[in-house]
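After this come two complexes, each holding subunit A, first together with subunit B and then together with subunit C.
And now, the complex of A and B:
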């Protein structure tokens, strides 16, 4: 375990199954959490599809379930509201009680938020890694 | 102040990467960060000036306008000289205000003067 809790930020820019980026990101997040690091994940661009409810891949690891597990292990997971709106996830204005933009199409583990929350992650993390950006 | 580098490796409109990366740069500037955008690889094409009204013709936000906004907000935009040479792009063809750097200058920037890097 690390002495003082350092934080790793992870940005996912690719969808859950077309490339292996989401799988790689989740595995790195799990390893970091098990070693005692803080983990903050931001879903951006097509990466917001990783938040979709009811994923059921036959031949791949279920990314939706993996994100839920990471959230239960302590990872903070947010997604971009602009990208989520473009892809049909956002269903209303920001809900203070839910602390997110509401979406019945997104798993509970992911909070739809403004891009400013990603800028805060960049500022506050010790290291940042990007998946699917290039 | 946090020094952030946004690396753009895609041309302007075929992928969402460039718009999304420049959008993060703009938002970071609005939140008070020191932002440098590096155009690298095919990202060099994003630096070309004279885009003909992409909002009207292909319904996407002009990345040229985004770069002009970044410069206006105090951000720095750097094109990597070797990537320009490989693609036959000259400094005069780039959006006004874009600087051109050699490898050594970029390494110095990334190793000595940058806190975080995000690649698109």
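And now, the complex of A and C:
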């Protein structure tokens, strides 16, 4: 376990199942959490599909369940509101009480948020890693 | 902290310009005496094969260490006898990578 808690920011650009980017990101996030680091995840572009409710892959790692597990372990997970709106996830205006844009199509572990929160994430983290970029 | 950079490679060597960029970056870092720790996961383990063509071969030496995920290698039919000399196949690659990225390296780049 590390003494001073460093934070790792992870950005996912690709959706689950087509490629392994989401798998890699989740495994690295889990390893970091187990070692006592803070983990903040941001889903962007097609990466927001990782937040979809009811994922049921037959033979792949279930990314929705994995994100829920990571959130329970302490990871903060947000997704871009513009990307989520474009892909049909956002269902209303920002809810101050829930601290997120509402969506019945997204798992509870992920908060749909503005892109500004990603800027905060970058400012506050010790390392940034991206997955699924070109 | 040692002058060291950490590279995580998840893409195969020949399908984009990423492979050549990784090799170029590694060569230049080596020329400047900067240590490079390379971690290969997913399709990135294809970089570990012997005798790669197309100017994408990376070889370990005193400045460059390379580790590849054993499970990802075996999933792609790459047994350890097919690896470039000096490349280490490891089971717990995510743990080793996180330790390196967070504590030992000044900079981390993912490809």
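Definition applied: the second predicted complex is superposed on the first by the 134 of 134 C-alpha atoms of A that agree within 3 Å, B and C clash if a C-alpha of one lies under 4 Å from a C-alpha of the other, contacts with A are read in each partner's own complex, and residues count from 1 in each chain.
What we mean here is this: a residue touches a chain if its C-beta (ideal position, glycine included) is under 8 Å from a C-beta of that chain, and two chains touch if they have at least 3 such contacts.
Not measured: the values here are computed from a predicted model.
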>> Both complexes share subunit A, so when I overlay them there, do subunit B and subunit C fit or clash?
In response: fit
> Which partner does A:131 reach: the first (subunit B), the second (subunit C), both, or neither?
Replying inline: second
> Considering only C-alpha centres, what angle arises at subunit A between the directions to subunit B and subunit C, nearest 10 degrees?
Replying inline: 60
>> Tell me the contact category for A:115 with respect to subunit B and subunit C: first, second, both or neither.
In response: first
>> With both complexes overlaid on chain A, does A:123 touch subunit B (first), subunit C (second), both or neither?
In response: first
>> On the A-aligned overlay, A:89 touches which partner chain: subunit B = first, subunit C = second, or both, or neither?
In response: neither
> Thinking of the overlay built on chain A, is A:32 touched by subunit B (first), by subunit C (second), by both, or by neither?
Replying inline: second
> Between subunit B (first) and subunit C (second), which, if any, makes contact with A:44: first, second, both or neither?
Replying inline: first
>> Tell me the contact category for A:13 with respect to subunit B and subunit C: first, second, both or neither.
In response: first
> For A:101, is the partner it touches subunit B (first), subunit C (second), both, or none of the two (neither)?
Replying inline: neither
> After the superposition, what is the least C-alpha distance between subunit B and subunit C in whole angstrom?
Replying inline: 6
>> Counting contacts the way the document defines them, which residues of subunit A are shared by the two interfaces, the one with subunit B and the one with subunit C?
In response: 128, 130, 133-134
> Where on subunit A does subunit B make contact in their complex?
Replying inline: 11, 13, 44-46, 82-83, 115-116, 118-120, 122-123, 125, 128, 130, 133-134
>> With touch defined as at the start, can you tell me which subunit C residues reach subunit A in the complex?
In response: 8, 10, 16, 41-43, 94-95, 97-99, 101-103, 108, 110
>> Show me the residue ranges of subunit A that touch subunit C in the complex, using the header's touch definition.
In response: 2, 6, 8, 20-21, 23-24, 27-28, 30-32, 34-35, 37, 126-131, 133-134
> Hey, which residues of subunit B end up touching subunit A in the complex?
Replying inline: 2, 4, 7, 9-10, 16-17, 20-21, 23-24, 27-28, 31, 33, 116-120
